[in-house]
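Each of the next two complexes has chain A plus one other chain: chain B in the first, chain C in the second.
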Partner chain A sequence: MQPLIQTENPTPVGATTLDRLALHQAGRILALGLEGAERRRLLDLGFVPGARIEVELENPLGNPRAFRVLGGVVALRTEQAARITIALENPAS
Partner chain B sequence: MTPNSLPASAPAPVQPVAQPANQPAAHGACATCVHARHDALRRLGVRAEAADFVVALLGNPNTGKSTVFNALTGLRQHVGNWPGKTVSRAEGAFETDGKKYRIVDLPGCYSLCSSSHHEEIARDFILFGGPDVTVVVVDATRLERNLVIVLQTLEITGRVVVALNLMDEAKRRGLSVDARALSRRLGIPVVPMAARHGKGIDDLLAAIVSVATGAYETNPHRVHYGNGRLTARLEPIMRQLEQLFPGLPNTRWVALRLLDKDHSMIQAVREGTLGNIEAMTARVMPRLDTDALQDDQPALVPEERS
Partner chain C sequence: MSTTIGAPGGNHEAPDLLGMVESARDGYGDALADDAMEAYYAEANKITSEVVDAQGRHQGLSFDRRLDRILTSRIWGFPAMILLLWGVLWLTVAGANVPSAMLATLTMEHGYNLLHAAANFLGAPGWLSGFLIDGVYLGAAWVFSVMLPPMAIFFPLFTMLEDFGYLPRVAFNLDRLFHKAGAHGKQALSMMMGLGCNAAGIVSTRIIDSPRERLIAILTNNFSICNGRWPTLILIGTIFLGALAPAGLGSLVAATSVVATCLLGVAFTFLVSAVLSRTVLRGETSTFSLELPPYRPPRIMQTLYTSLIDRTLLVLWRALIMAAPAGGIIWLISNITVADQSIAAHLIAFLSPAGWLLGLNGVILLAYVVAIPANEIIIPTILMLTLTIAIKDPSLAGMAQAGVMTEFADGNLVRRILTAGGWTTLTGINLMLFCLLHNPCSTTILTIWKETRSAKWTALATLLPLLLGIAVCATIAALVRLTS
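Then we have the complex of A and B:
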């Protein structure tokens, strides 16, 4: 079924997912591959398509990691981060 | 903490204006001015009965809602620098210009599309508690994220005042926020404040009074879904809601949430408690403790603020 509101852009070539970013690497959110309450919650916390996102903190074990988005810092587990599609900000670095 | 914590991007329709601080904050002179309205405010503590106007205090967690509440009522509602402190509603009152205002301090929430039971309490009050004025307290250092709930509130009611709090903290971090530009874009009063130092309280009071009495006519910025298919789906739901719950306010917003599969709204429709704020709150209260145990939600990392 086609959604009533289309807010997300088609995934361009070279897009990756949030869990693949290195510490302090940044990107722009393209889409959230989540549904229902979890999706709602992430949107409310600032994970909106178009927003810049940066890996701010890393657990020594690698999971969870904290991301800076819309001026706030939010921690996500790797499984959640893997559902968030992003475009890299500086593909070279 | 980096000095500039606001990213340059702005996916929200209203862009916050953040530049390095070089001009004095707009409220600077007012707090010490001889014309300040200090004596016009009569704090009434908990004597909230028979009020002329009801004011709701809404905002993200940890933005200073309870500090503002205490400054207006003279109460000492517990203030603390951690999220989830105000679990239910706290009520108080004040009087100014011969009118009595009941003020309701709501639990902090990121959104009116509820995810937690605390947020449901806040949302239900804004939707069905019929506040005459809603004050959204926002953190000037995290303006973008805080604007989410401002825009959601403007979808429900136009009678809104933004309390742009923590301006002292923003200045310390080298941020200045153009409150006037924000006010123009949102179409509502925006009052710069540093509530914990008592700055801006008089201006906030004046803004609340002018919106409550209608002296300030707001011109609220509305989010447009701009979608005929959505409207076509909404209208039958709204008609049914009006039949099932006569006199229910904000049916459009409720219908949107139902389409969004909002569990608490669906349940309130099933139980017939939709719009009955006492029943809706009573249903949520016993479950508040269980929120802490849910671990399917992303955690917020506490940030240093000293």
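Then we have the complex of A and C:
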């Protein structure tokens, strides 16, 4: 049994990272490039592979930004957002 | 594989669960946890879609999302924050005046006279009634009437902002600045809480998970000017700096000087945080994930209850325990005479050279030593000591009794008394700076000890702001004297 996404190699073709999304742009989480307590904390907050995620807010200084995921809003700093791999949502859908 | 976990009516028989876990862990690594999480959420989604009716779905943006876009926007984010904070402080200062005056009349006139009458009736000796009534009682009554009304206004207002959901947005807005200082965005909340009371601010650092960043927040909390220090700043700003401005602009200049001192405290918070995180508290910056919960109408009654019981009464009780002995000590040092002079006069003479070096004077330093338990009694102690010891102006004689703390409503009179005590504009400015930069009050020191359980960090939190204050005041005094 192989998992769909290998976290050791988290950037399939056509994917990007959460920090590169523009404000109000949305995508689906592919993988979390984080480990340990940090990873569990994000999973608890709803950053689950497969979940839809949207850039909800940008603070007045540009970083951190807040993301809407699974009905909640959670702020992350850019370095952390860069560790989350995203498949861009099809604009037509 | 089946990832159904805890499904209603599911099969709960589990043969060799540990063996399954082991073999699954080998194949999956982190992905196993992800799959499990995914399954939890899928299951939760299924259940909610079955049992929860989502009604009244808005077209377009909800109120929450629109409000968030304003409160965190590039244009309105910071002005909204400053306006709300200014509003809370203004309501606190303005709203506390009348009840404070009423409590002062009740405790320091009626209660005080009643106690003296009772002491006379019982035939208590003068030293006993002086120590207990003029010292211990008056010290406690002073702190009670000056401290209770602002705290009973500030804490509920602050708790309501918290309850409404605004405070996480402040942490969100300010995180970039704290991040640059190597600290955590949630320090914004303990910093704001410190404007009410540093002891409460120290306790509120518990929301910061990383011990390193929590210590930074604890060590810098004293740079938030607490309720007990606002009155000193406002009075000195008014009678020394406001008086320098042309008529009509006086109150504007005074208010600006107070706000400037407060903002200087914020600047010191960032500066000292940055220095600490690069020296004694070096380390990885922890990750930052901050939930921005939906706004909700504050529960007013519950807020009033919890903020009055948990915050106001707790802080007031600690302050009273500290202020009562301080009042006793002030009375004792003013009334015990050694070699033709009261102990207070000896101490002032001893502290005067250091006071001169800092652009202050011996009276101010002595007041700051005896007022370690409660900053609220700084001004009354300074006035009493100035009137009874520092000046021998016959036109001001008899306005204060040794050891009995004194205050006057008339700003011009206070200015006349202090000027007669040798005060200049430099004294006024440096007192405002020293008010910002000196050791925390004993309640706060005790709280730091309780929260850190470390003598080292408690000592650093106590001495760091004091040494900074000495350095800043001495530098300014030297510069002013060299250039004039």
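Here is the rule we go by: the second predicted complex is superposed on the first by the 78 of 93 C-alpha atoms of A that agree within 3 Å, B and C clash if a C-alpha of one lies under 4 Å from a C-alpha of the other, contacts with A are read in each partner's own complex, and residues count from 1 in each chain.
Methods note: a contact is a pair of C-beta atoms (placed from the backbone, for glycine too) under 8 Å apart; a residue touches a chain by one contact, two chains touch by 3 or more.
Given the structure is predicted, the values throughout are model-derived calculations rather than measurements.
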Query raised in the report: Counting only touches as set out at the top, which of chain B and chain C does A:Ala66 meet: first, second, both, neither?
Result: both
Query raised in the report: Counting only touches as set out at the top, which of chain B and chain C does A:Arg28 meet: first, second, both, neither?
Result: first
Requested in this report: Would you sort A:Val74 into first (chain B), second (chain C), both or neither based on which partner it touches?
Outcome: both
Requested in this report: Could you tell me if A:Arg39 is touching chain B, chain C, both of them or neither one (first, second, both, neither)?
Outcome: second
Report task. Examine A:Arg52 and indicate which partner it touches, taking first as chain B and second as chain C; both and neither are also allowed. Result -> first
Report summary line: chain B and chain C footprints on chain A meet at residues 5, 38, 40-43, 45-46, 48-51, 57, 64, 66, 70, 72-77, 80
Requested in this report: Enumerate the contact residues on chain C facing chain A in the complex.
Outcome: 1, 27-31, 33-35, 37-38, 41, 65, 68-69, 72-74, 77-78, 172-173, 175-177, 179, 185, 287-293
Query raised in the report: Which bits of chain A are touching chain C when the two form their complex?
Result: 1-3, 5, 7, 32, 35, 38-43, 45-46, 48-51, 56-64, 66, 70, 72-77, 80
Query raised in the report: In their complex, what parts of chain A are in touch with chain B?
Result: 4-5, 28, 36-38, 40-46, 48-52, 54, 57, 64, 66, 68-77, 80
Report task. Could you pull out which chain B residues touch chain A in their complex? Result -> 5-9, 11-12, 110-111, 113, 115, 141-145, 148, 225, 227, 229-230, 233, 259-261, 263, 296-301, 303
